[in-house]
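Labels A, B and C are assigned to the chains in the order they are written; within every chain, residues are numbered from 1.
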Amino acid sequence: MTWVNAVVHGILLGGLYALLATGLSLMFGVMRIINLAHGSLALLGAYMAFLLVEHAHISAYLALVPVLPGALVVGYVLQRTVLERSLRSGMLVPLLTTFGLLIVIGNLLQEFFSPDVHSLDPGAIGPAAWRITSRLSIPAFDALILGIAILVLFLLQLVLTRTQIGRELRATAADPDAAELVGVDSRAVYARATAIAVATAALAGVFFAMRSTFDPTSGPTQLIYAFEAVVIGGMGSLWGTLAGGIVLGVAQTVGAQIDPQYFALAGHVVFLAVLVVRTAVESGGLRVRLRGATT
Amino acid sequence: MTALLSVEKLEARHGLLHAVRDVSLEVAEGETVAIVGANGAGKTTLLRSIAGAHRPSGGRVVFAGEDVTRMPAHRRVKRGIALVPEGRRLFPELTVEENLRVAAGVRRPGRWDVDAVLEVFPLLEPLREKRAASLSGGEQQATAIGRALMSNPRLLLLDEVSLGLAPVVVDAVYRSLATLLESGATVLLVEQDLSRALGVADRVVCMLEGRFVLVGTPAELTREQVMEAYFGLRRSAA
Amino acid sequence: MSAVAAPAPAARVERWTRLSGGFTVLLAGLVVLLAFGPVLWSENALNNLIQLYFLVVLAVMWNALAGYGGLVSVGQQAFIGIGAYAVVFLSLQHSLEPYLAMLLATLIGAAVSIPVAAVVLWLRGGAFAIGTWVVAEAFAILVSLDPNPAIGGGTGTSALIPFNTRYTPEQRLHYTYWASLGTAAVLLAILFVLLRSRLGASLQAIRDDEGAAASVGVRVLLGKGVLFVLAGAGCAAAGALILAWQLSIQPLGPDSVFGVNWSAKMIFMVLVGGLGTFEGPIIGAIVLYLLQTYVSSSGVWYFVMLGAVAIGFALLLPRGIWGTLQERFNVQLLPVGYRLRGRA
């Protein structure tokens, strides 16, 4: 039963990872870049909420009301000022600039908020859990996060398929030059995509901060978890991201069930194992192609 | 009367290749101009330069009295230039209807909407919900033309609409085009098929190695003259 | 079409110019001169130069990956950590001579990089970057979970005992100085030879056009693999030198031997010096060394500056200091590429 409990908790934890991964996946899908600062932007959202909670004395949930629009603006401006320029200079430059951002954001947070560990108060729902049996319980807050993740993915899908903005996003993702030729301003589309991505990152960051403690070095860890979810789920697919998040979450909680110290390691191992399997499949494919080319 | 489109001493390059050299052209409102020429003559580059998909290295493109030479492609679409690119370039994961709707984002007023396009290309009606990637070549071409019409352009640029299509499909596409042309649209089209070009155009331009080598109405030009210009026979004989 | 078929302008392709030949000799002479450092300079100067040498090693190795293989790694700290911990393990646990342990650590870095390469080299762009990072994190966790008292788990360990029981502090300083100078010189020489080989030419092709180069698929992967193993060995060597220099190490956190801050430093050095140039990373290492010595070597503003300057160079001066100079004056001090003389 403890194992079942671990799996259930892992599935719920997957919701948080899916939420973290959504923006990363969206930016990769539209612009083919991996934003290495994604986890740091999530953490920035958490710190902004922390600031509001500390000084304006509002709940962390209410803090989302100014934080999310703020994150939209940050994403839009980030794209227009830094990323747009880096996109024009080939594949390496966006990576290098977003890595630079990761370092800058992490250290600035340390400067302004000290290296201390903080957390946000999730309210009454935080410790609440539904007890199914004596050894199986469902934490309400994790269930809430999973629900929000599903809602965000559902809304995003709705936007992508039912609105003009969504059609323009998908068209630009497929062929930016052709999109320009039908009147789509690809740079504006990119800026919107980054704005949405940063907003979902901030949302994930705030919930992460309510779920566990955080400090200025948490950003990279969140980036790695988000990326693992994206890769396990298949790069660029929205609902795959949820599946990837759940696989990662289950790997971590089951690993922690073996030994609490194996939590992160088990996730990394599963991620690398997925890569090895894909590699084996792809290299099998390569061998077939080579044979085809020689005959 | 001033021309709707006027290209002045246009130069365009692809790296070291000098694709368009000193080209000047005027297209009046309601006119249909066909550009013919061999592969690599610079036709596509010329069209793409007019549409804003290729940055010219010299000269000017003036549209409706406005210099649009440095204007990005999406803003030219808002001004009323639409290109049906070579190879169609549909968005493969979008449905036919989504491909059409994506181009309606510029919100230019006019007669074209999804229903109007489907009326001109009735073959698309049952395919509305199909992904563009699953269409046949002719269906894709019809969608690509329809997509360009959705922005209600004043000038329609058509690049090799018959390329890679079966003759019977080309007939169908051209029948639909004829309806369009009769409605007074301004069209600049690139076509390798001479008889098609001569059949629809008010004026034919022949390009060779990036230059205009022959210009005239289909009535003025003999097939032999065009063929000579097409292959550069006169130049090599000289 | 006829424009491209025009006869090639009179030009001469050359490798060794008088300048680059002279400079190569000069550089070899410089290494010999620097080898006399312990008899010439103070303890403080030697300590500083050791730092400079391992920064050069790190910059050159990172540039070998990104500049020549198009592989942006943010996980080379995996090998720095492995190199450092291998020395501790061999010298403390197995009482091996520490400098021999450092040499073995380098080979261990190369050996570990082979299976890692087999996994991560299939990834592209950003996926490769984070993939390498995951590998580094996984190694860091494994080391921190190791119950072996010599490894010290999450709290870290020290190689004070093996070094101090065999050498006086002065000997340790001198030997470490020579080891770091030798490592930098040997790795530069290996990369130099590698780039001038046929493999170097195919690497150039990867960098210019991966799509076209992929038509010779296997060789592309081989080229990247060779660079990855070289970088794995080089970073492990740097890790061993870092251990010999600072003696105590920790596995966890951004400032540890497995920490991502090493990637920040490597990226800074290469971007500032000149990505994809042979000489650039050396210049970048000197710049970082000067910053560390005269401005600051730690603290948040130091890393904010590293990140911000790296972004600035990536966006505004993507060829770095050396690449920009090279472009402007068409000089190359070390003959790794080909120059076109006459009409370009």
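The working rule: a residue touches a chain if its C-beta (ideal position, glycine included) is under 8 Å from a C-beta of that chain, and two chains touch if they have at least 3 such contacts.
A quick note: this is a predicted structure, and the numbers were derived from the prediction, not measured.
Peer 1: What is the chain whose Cα centroid lies farthest from the Cα centroid of chain B?
Peer 2: Greatest centre separation from chain B goes to chain C.
Peer 1: Looking at mean CA positions, which chain is nearest the middle of everything shown?
Peer 2: The chain sitting closest to the overall C-alpha centre is A.
Peer 1: Using mean CA coordinates as chain centres, what's the gap between chain A and chain C in Å?
Peer 2: Using C-alpha averages as centres, the distance is 31 Å.
Peer 1: From the mean C-alpha coordinate of chain A to that of chain B, what's the distance rounded to whole Å?
Peer 2: A distance of 43 Å separates the two centres.
Peer 1: Report the inter-chain centroid distance for chain B and chain C in whole angstrom, where each centroid is the mean of the CA atoms.
Peer 2: Computed value for the inter-centroid distance: 53 Å.
Peer 1: Counting only residues that touch at least 2 other chains, which ones in chain B make the list?
Peer 2: In chain B, nothing touches at least two other chains.
Peer 1: Taking the complex as given, what residues does chain C use to touch chain A?
Peer 2: Those in contact with chain A are residues 66, 70, 72, 74, 118-120, 122-123, 125-127, 129-131, 133-135, 137-138, 141-142, 145, 217-218, 253-254, 260-261, 263-264, 267, 271, 275, 300-301, 303-304, 306-308, 310-311, 314-315, 318.
Peer 1: Touching chain C in the complex: which residues of chain A?
Peer 2: Interface residues on chain A, with respect to chain C: 28, 32-36, 82, 85-86, 89, 91-97, 99-104, 106-108, 110-111, 217, 220, 223-224, 227-228, 231, 235, 261-262, 264-265, 268-269, 271-272, 275-276, 278-279, 282-283, 286, 290.
Peer 1: Please name which positions on chain B make contact with chain A in the complex.
Peer 2: Where chain B meets chain A, its residues are 51-53, 72-75, 77-78, 82-83, 85, 89-94, 98-99, 101-106, 147-148, 150-151.
Peer 1: Touching residues of chain A toward chain B in the complex: what are they?
Peer 2: The contact residues of chain A facing chain B are 164, 167-168, 170-171, 174-175, 177-186.
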